[in-house]
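Chain IDs A, B, C, D and E follow the sequence of writing; residue 1 opens each chain.
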Amino acid sequence: MRVGTRWLASPALGFIAFMVGGPMVVIVWYSLRTRGPGGVGVGDGLTVDAYERLVVTEDFAGNVGFDSTYLEVMWSSILLAAATMLVALAVGFPTAVWISNRPRHLQPLLVLAVTIPFWTSILVRTYAWIVILRETGPLASGFDAVGIDLPRMLNTRGATLVGMVYTFLPFMVLPIYAAAERFDHRIAEAGLDLGATPAVVLRKIVWPSVRPGVVAGCLLVFIPAIGAFLQPELLGGGRSLMIANLIQQQFGASRNWPFGSALAILLLVVVTVVLVVARRAAREARVVLS
Amino acid sequence: MTGQADTRRYPGIGPAARLAFAFLYAPLAVVVAYSFNSGPIVSRWEGFSLVWYREVLERSDVRDAVWVSLRVAVAASAAGTALALLAALGIVAMVRRGSPLAVGFLSTPLLVPEIVTAVGTLSFFVLLDFERGMTTLVLAHTAFCIPFALLPIRARLAELDPAVFEAASDLGASGFRLFRRVTLPLLVPGIVSGALLAFIISLDDYLISAFVAGPTSTTLPIFLFGLIRRGASPLINAVSTLLLLVTVAVLTASYITGKWRKPK
Amino acid sequence: MVAEGLRIQDVSKTFTAPEGGSVRALDGVSLDVGTSEFVVLLGPSGCGKTTLLRAIAGLEDVDSGRIDLAGERLDTVPPFRRAVNTVFQSYALFPFLTVERNIAFGLEMERRPKAEIRQRVAHALELVELSGFAKRTPAQLSGGQQQRVALARALVKEPKVLLLDEPLGALDLKLRRQMQAELKRIQRSVGIAFLFVTHDQEEALALGDRIAVLNDGRIVQVGTPQEVYESPETRFVADFIGETNLLPVERDAAGTVTVAGQWKLVAAEIVGADEALVAGGDQVVLAVRPERVRIDPGGELRGVVAEAAYLGADVHVAIDMGEGLLINVRTDAQDAIPEVGERVAVRIDPRHTRLLSS
Amino acid sequence: GNDDDTQPAQPAQPEQTAEPAATTAPSEPDAPEEPDASDAADGEDAAPQPEEPAEADEQIGGEVNLYNWTDYISEDLLARFSDETGIKVNLSNYDSNETMLATLAAGATGYDVIVPSDYIIPLLIDQDLIQPIDAHAMENAAHIDPAFLDPYFDVGRVYTAPYLYGTTGLAVDTSQVPDPPDSWAEFFAVPEGSHGSIGMMNDQVEVVHAVLRAVGAEPCSTDPGDYALAEELLDGFKSAVSVINSDGIIERMAAGENSIHMEWNGAAYRSSLENPDLVYVYPSDGLTLWQDNFAVPTGAPNFDQALVFINWMMDPANIAEATNWNAYGNAIVGSDAYVDTDLASSPMVVPGSQELSYAAPVESCPIEAIDLYDRLWTSFRS
Amino acid sequence: MVAEGLRIQDVSKTFTAPEGGSVRALDGVSLDVGTSEFVVLLGPSGCGKTTLLRAIAGLEDVDSGRIDLAGERLDTVPPFRRAVNTVFQSYALFPFLTVERNIAFGLEMERRPKAEIRQRVAHALELVELSGFAKRTPAQLSGGQQQRVALARALVKEPKVLLLDEPLGALDLKLRRQMQAELKRIQRSVGIAFLFVTHDQEEALALGDRIAVLNDGRIVQVGTPQEVYESPETRFVADFIGETNLLPVERDAAGTVTVAGQWKLVAAEIVGADEALVAGGDQVVLAVRPERVRIDPGGELRGVVAEAAYLGADVHVAIDMGEGLLINVRTDAQDAIPEVGERVAVRIDPRHTRLLSS
C-alpha cells in the first residue's frame, strides 16, 4: 500500500537538480573558458588550456613536458583520505560493535554520544587538537611529568591524521553500528559453539556480517576526506598541499578560475570512480547477505 | 532471550571502544576547560575566569554570527527535512528500479566535494543574479541538508509495518488526514533525528557558507575562522561551550520526548 | 439472504513478480458470505487468501470480476469508504495512540460526535474485555491483548463484514485456543459476518460455519466443516485438511478396486466413488483417515509396524505395507501399543473411504 | 595580557597635546593637525570626540555594509560611529584579498565599503568593481600623510582612502636564534638554531616574493630562470620548516614554538608582548610594505553612508583607535597623539628610516608571473 | 551409563533483569542424560529451558552447581572447547556462507585436513538429505531445509551431546511433523544423546525417550512420555501436558471423594491418591483427561452442553455442570455430536483419574 505517490519526491529531486546540477554545469562551463582579464573570473574564449595545465608544463628552464605536480597533489589527497579511512575503520569498527553490544536502552545514548562532538564547530574541534598536541600542551606535559619525552606531534602527518580521523569518525561508526545493531548475536554464539574462539568469531562471523556497514562507512569517510583541507593546514603544519587547498588557491591567489574548475572536475571524476568501484563492492556485500 | 552476546568475549573491543570515546571527548574537555582561561591565548593557562563568557554576551558580532547561524540552520534544516520527508514518501511509492536512482540522486550533495559545491554554487547564484545573503545561504544549506535528513526518515519508514497505513485507510482515513494523523506521528522519530542531523551539519558548515554568504550574513563558522586567523582567544572556547550546552540540553529533551513516543 | 451479504463473483488478480514473470494470485474466485455467517478461508501459504481479503477491503484492485455488499457494488469504492473492516495479522495498531484512541480512530474519521465516540469505544472495550486498559499504549499490552484491540478497533465501526487475516497466527497454542473461543463468542454476540483467513485446518474446523478451501488462487471446495473433512472432493482437500492415507489402487473393468494388491472392494461400497472415477482412465487413490483404520488381527491388509509414537490421548502407528507404502493409523492410547517390527493386520471400513482422482 | 582583544576595553588614551608623537616614519612632520577644538563642544565624554563631519552633518541615518578582514576593526569604534552618525554598520568578513576579489568578481553585491590591499586595487579598478569616491576631496583627506596621497595603485586617491599599513618581515626569537638573519637570503639559508622550527606564512604571494628577493630577483619576475633558482633554494629549505600557516603565528611565537616566523609587524608586536625575546627583522634585501584601503564597490547600495564612513575613519582620533586595536600604523597625520605610547615607540610598529627604506609596496604581478608563482608554491608545498 | 553421559547437578542461575530485580532462571536443576538417550526438556515460556541449554553449551555461566560430561567437569571449559553442540531455534546459520561452508565451519575450527572435512561434510549432507543444496546460501533455502543445515552443522562435529533449542518452533504443522520423524530417525542412526527443548507437549510426547518437565527454573517431573502423561505428579504437569479436566472435590474423613456434589468415589479407586493427599488438609483436585470422559446416559455426572466443536477426527464438547464448572469431553467424531443446550450425563472411569494437590 502506498502512503503517497512518487510525485512527492519531485520537489526534492527538482531542488537537488537545481542546486547541484546548476553549479556543476557552471563549473564545467568555467573549466572550458579562457581566464578573465587579470585572472579574475573567466573570459569569453573557449579553450582546454585548463586541462592541459593539469599534466603539461613549461618548466622554469623553458622545456615543455609532462608534469605531475598537480596530479601528485590529487594523489596525496587520495592517500590521506585512504589513511584516514583505514584508521577510522580500525577505531570505528570496535566502537560500533561495542555499542551494539550494550544493553538496548543504552545504545541510543551511546550513539548520541558519538555525535555530540559534532555539535562544536569543526574549527574549534581542530583547534582543540592543536592545544592538545603542541609541545606545551597537556599531552606532552602529562608524559613529561612521568619522565617520558614525546616526539613532536603537532605539525606532523600524524597530527593531520589524528584530526582527520577525529572529524570523520562518526561517519564510520554510525553505519557500522546500524549494521551491527541488526547483527544477530546468536550466530556469534553459534560460532563459539562450533569451536571458534572469540577472536575468530570477530573475524569470521561479525566482520562479514557488518560488511555492508563497513563499506558504507568507508565511503562516507573517504569521499569527504579527499576534499578536506582544514586538518592538513592546521594540524599538519600546512606542508602538504591538498586538492581542496589547491582549488581554493586557483580561485584566490593564483587567479585561475578555469584551472580551478578543471581541478574540481578532476576531483569529481576521482570521487565518481571511487563510487563506481565501491558500488560493486557494496552490491556484492548485499548479495551475500540478503 | 535477549539475543545479546557478551562482549567481554571479544578481545580488545571494550578497551578500543573506551579509547575511542576518550579520543572523541578529549578535545571537548580542552575546549571547555580553556574557555575559563583568564589569559588571552587559548593554549596558555593563566588562571580561572569568566571574562570570555562575559565578552561573548557583550559582543554583538558574536551574537550576530550565532544568530545568523541559528536562523540559517533552522530554516535550512526545516526546509531540508520537509523536502526529505516528501521525498522519502515518494521513494517508497516508486517502482523498484526507480528508488535507488532517486536516492542516489538525492545523495549527490554528499558526494560532491565541498569546495566544488562552494565555487559552483556561488557562480551559479551570480549567474542567476541572486543577491547573496540569508536566502542564498539557506538555499545552499538546504541542498546538503536533504540527504542527511533523508537517511533517518527512510530508515524509520523501512522499519514501519506498512499494514499500519492500510489499517488507517481501512478505518476511513485518506489523503491529508491519513498523512497528518498517521504518517506524520509514525515518522516523528525519524523526522526529529533527520532534522537534528541536518541542523548540526548546517551549523557547522564553513566552506560553502563562506562563498555564498552575503554582507549581513556572517555565520558563526566564518566568524570563528576569522578569529582563529587573527590568533585564537578563549572567546572561541566560550562560544563553543555555550553552544555545546544548548545542544546537550536540546538533545536530552528530544531524547526524553522521543522515549515515550517510541513504540516498543 | 445473499443479496444482503457479501457476494464475490469471478474475481481474478494477477501480480507481476519483482523478478519478472507473473503470479495469478486469484483465479476466478466466487464466494458468498451471509449477513451473520462465519466463513473461514483456508488454504496453504501463497494460495491467495490475503489477496482476496485485500481485494474486499479495497487495498488491492482486482483485474476482473465484481464484489457486491448488501446488493451494492463494492469494488469501485475506495478502501476508506467501504463498510468492511479488517483485523490485520500483525494487528497494525497505531503505536503512538492509546488503546482508547486506537479504537476511536475509525469513528473520528467518520466525524462522529465526541459523546457517541466515547460511548461506542467504551462498549467495544467491554466486548473484548479490555476496559481497564484504555489508557495504555499497544507496546504495553501482550500479544493476545493487542489482538483484541485490533478486533475492537475494527468492530467499533460496525462493518457489514469483518475481515480477519490470520489474526491468531502469532499467538501460542494455549492462547490461540482461548482466543478462538472468544472470537466465536464475539461473532455470535455482534451478529455480523466474519470472513476469517487461516492456514491452520484445525482452527478452520473449530471456527467456521462454512469453510472455503483455496488453492492456487481457486476455490476448490466450500462447505461445512463436516463436509470438507468427511467428504473432500479432491485429493488436495483430503490431504490438506487433517491427516489422510492416500492409497494407490488398481481398478478392473467390473469396478472392483484393489488396494496394495491385497484388498479388493467393490466400488459400490465406497462413499465418494462415482461412475466417472471408477470408470475413468485417471489415476485414482483411496483416501482414508488414520483414525478410521483399525489394527485388527482379522484385517484385510497386512504389514510391519515401522513406527509407533505415543501421543498421550492416542498413538500414532505407521505400518509398512511393502513397496514403500505406509499406512498411518491413529489408535486410542488405551489400546495396546504395537512394537516396531511387529507384523500386524489392519481393517478399513469401506464406508470411511473415498475414491479421488490423483 | 595586554593584547588586541583587551584593548577595546581601554580606548585610545587621550593624551591630548602631550608629546609631539614618536617618529611617524612615513609621514613628513609637516601638518601636525591637532584635534579640533570643536570636539570639546560635544562634551559627551571626557574623551575627545573629534569628528567634524558627523557634527556638521545632521545625522543622515541609514546603514552601511562593511566588508572587512576578520577582526580588523574594533566593535567599539563602529559603535561610536553609529552613535555619532546614526548610521548602522553591518559587518561581514573575509580572510584574504583574493576571497574578497573572488566574491566581488563573481558578482556579489550589497557591500558598501571594502578594505582591499594595495596590489589588488588595480584589478578592482580594471574590472570596474570599485567606483570613484574622490577621497582626496573629502573633508578629512587633509589629514592624509602626503606620502600616502599618490600611491601607485591609485594615483590621486580617486578610488580609495588609506586605512592601515604594515610590513611582512621576520619575527625572531633571540633566545633560540641568538644571531638573527638580516636578509631573506640569510633566512632561507636557515640560521643557526632555527632548523625544524621555522614558520612560514600560508601566503603564496608573500612567500614567493621573499624567496625571489633572496635569490636576488625582483618580485613578480617573469624570468623562469629566477624561479629555477628559487625552487632550488626552497628544496633545501623545506626540511627546516615546521609549519606553513598564517593563522596562530602570534600564539606560536609567544609560546616559543617557532624560532623564526614570517610575520606582519603588528602581529610581531603583539607576540612580543608575550615573549620579550622577540625581535622583528626588516630584511635588507627588501620587504613588502602593504597598505590597506577603503573603497566602495560599484553598485554599493548606500553610497552616501559609505562616504560618511570613510571620511569619519580618516579623522586622526578615530584612525588612532584602529591603530591601537590592531598595532599597525596609519597614514593620518596627527593620529599619533591618540596612539598608545608603547605602540608608537615600538620599532615593530613604527620602523626606523633605515628599515623603512628596505620596504616598498609591491604591485600586483602579471598573470604570467602569477602562474609561475602558483607552480613554485605548489611544488614547495607538496 | 551415567558416568558416560551428561550429568547436571544442582545448577542455579540468577539474572538481574534490565529493569532491576532478579530472575531465578535455574533453581537447583539436576538431570542426567544417557549416552544415546533422547531427552526432551518441556516447559512453559520463560521457565529456564534455554538458560539450561546455554549453560551446558557454555554460553552462559552458572552461579552454582556443576555439569559433567563423560565423567569430566564441563562447566569450567570455555564454550568453544566443549564437546557439545547446539541447534539454535533461529538456526543461526551464517548467512554469508554456503550450506557446505556452514557445515564445514566447525571442522575448520578444529583445523581438520581438507579431505576429511570434505568427506564428513558430504556425509552430513547426505544424512539430512541436502546433498543437492551444498552450494546454496541459507537465504535460498526453505525453513525446513535451513533447520536441517543447522542440524548437520552441529552433527558433523560429532558432539557427545547435541542440544536442540526448539528447533522446530518456526515450522508449520505439516513440516514439523515430518521433521520430528526425521529427527528421531537421525538420532537413532547417529546414536548420540539429544537434549531437546520444546514447549509443545505433543512434540515432547512424540520424540522423547524421557521427558523432563521444567517449571519456574525447577525440574518438576522426569519420566517416559507415558509416565508424565498418565501419571502426572503435580497439577502443573497434568495441566501442562495434554488437556485435563481439573475438578474440585470434597473429601470426608472416610476418604471418600465427592466431585461437583454429584459423584462420590472412594479414594482406593483413584490411581494417584496416596494417603497424604486423601488425608491432608490441602485443597485437592481430581484430574481426568477429556478423552477419558464419556458421554453416556447412565453417567454419574449431569450437565448441559455448552459448546460442541467438530474437529475432524474428534469432537470437543464442553459440558456445564453448574456453578461455573465445565467438563471438557473429547469424543470420536463418529459418535453423534450433541447439540448445544442438550442435557447429557457423563461417565468417568475412576481408573483414569488422579488426585492432585492444587
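The definition used in the following text is that contacts are C-beta pairs under 8 Å (C-beta built on N, C-alpha and C of every residue); 3 or more make two chains touch, one makes a residue touch a chain.
None of the values given here were measured: they were computed from a predicted structure.
Show me the overlap between the contact partners of chain B and those of chain D.
Touching chain B as well as chain D, we find A.
Chain pair with the most contact pairs?
By contact count, the leading interface is A-B.
Central chain, going by Cα centroids?
B
Just how far, in Å, is the C-alpha centre of chain E from the one of chain D?
Their C-alpha centroids are separated by 89 Å.
Please tell me the distance, in whole Å, between the geometric centres of chain B and chain C computed from their C-alpha atoms.
Between these chains, centre-to-centre, one finds 53 Å.
Any idea how many Å lie between the Cα centroids of chain C and chain E?
The answer is 27 Å.
Report the inter-chain centroid distance for chain B and chain E in whole angstrom, where each centroid is the mean of the CA atoms.
A distance of 54 Å separates the two centres.
What parts of chain E, by residue number, touch at least two of the other chains?
Touching at least two other chains: none.
At least two partner chains per residue is the criterion; list those residues in chain A.
Correct list: 1, 103-104, 130, 134, 136, 184, 186, 189, 192, 198, 251.
Residues of chain D that touch two or more other chains: which are they?
As it turns out, chain D has residues touching two or more other chains at 99, 106, 247-248, 255.
Provide the residue numbers of chain B that touch chain A in the complex, in ascending order.
Interface residues on the chain B side: 2-7, 9-14, 16-17, 19-21, 23-28, 30-31, 34, 42-44, 83-84, 86-87, 89-94, 98, 102, 105-106, 108-117, 119-121, 123-124, 127-128, 139-140, 142-143, 146, 150, 155, 162-163, 165-166, 169, 178-179, 183, 197, 200, 203-204, 206, 220-221, 224-225, 228, 232, 236-237, 239-240, 243-244, 247-248, 251, 255.
Can you name the residues of chain B that touch chain C in the complex?
Going by the criterion above, the answer is residues 96, 161, 163-164, 166-174, 177-178, 181-182, 185-186, 188, 261, 263-264.
Which residues, counting only chain A, touch chain D once they are in their complex?
35-41, 57-62, 69-70, 72-73, 76, 130, 134-136, 152, 154-155, 233-234, 237-241, 246, 249-256
Which residues, counting only chain E, touch chain C once they are in their complex?
So the residues of chain E in touch with chain C come to 45, 172-173, 181, 199-202, 205-206, 225-226, 229, 241-242, 289-291, 307, 309-314, 316, 330, 332-333.
Within their complex, state which residues of chain E touch chain A.
Interface residues on the chain E side: 18, 57-59, 79-81, 85-86, 88, 90, 92-96, 105-106, 109-110, 137, 139, 153-154, 157.
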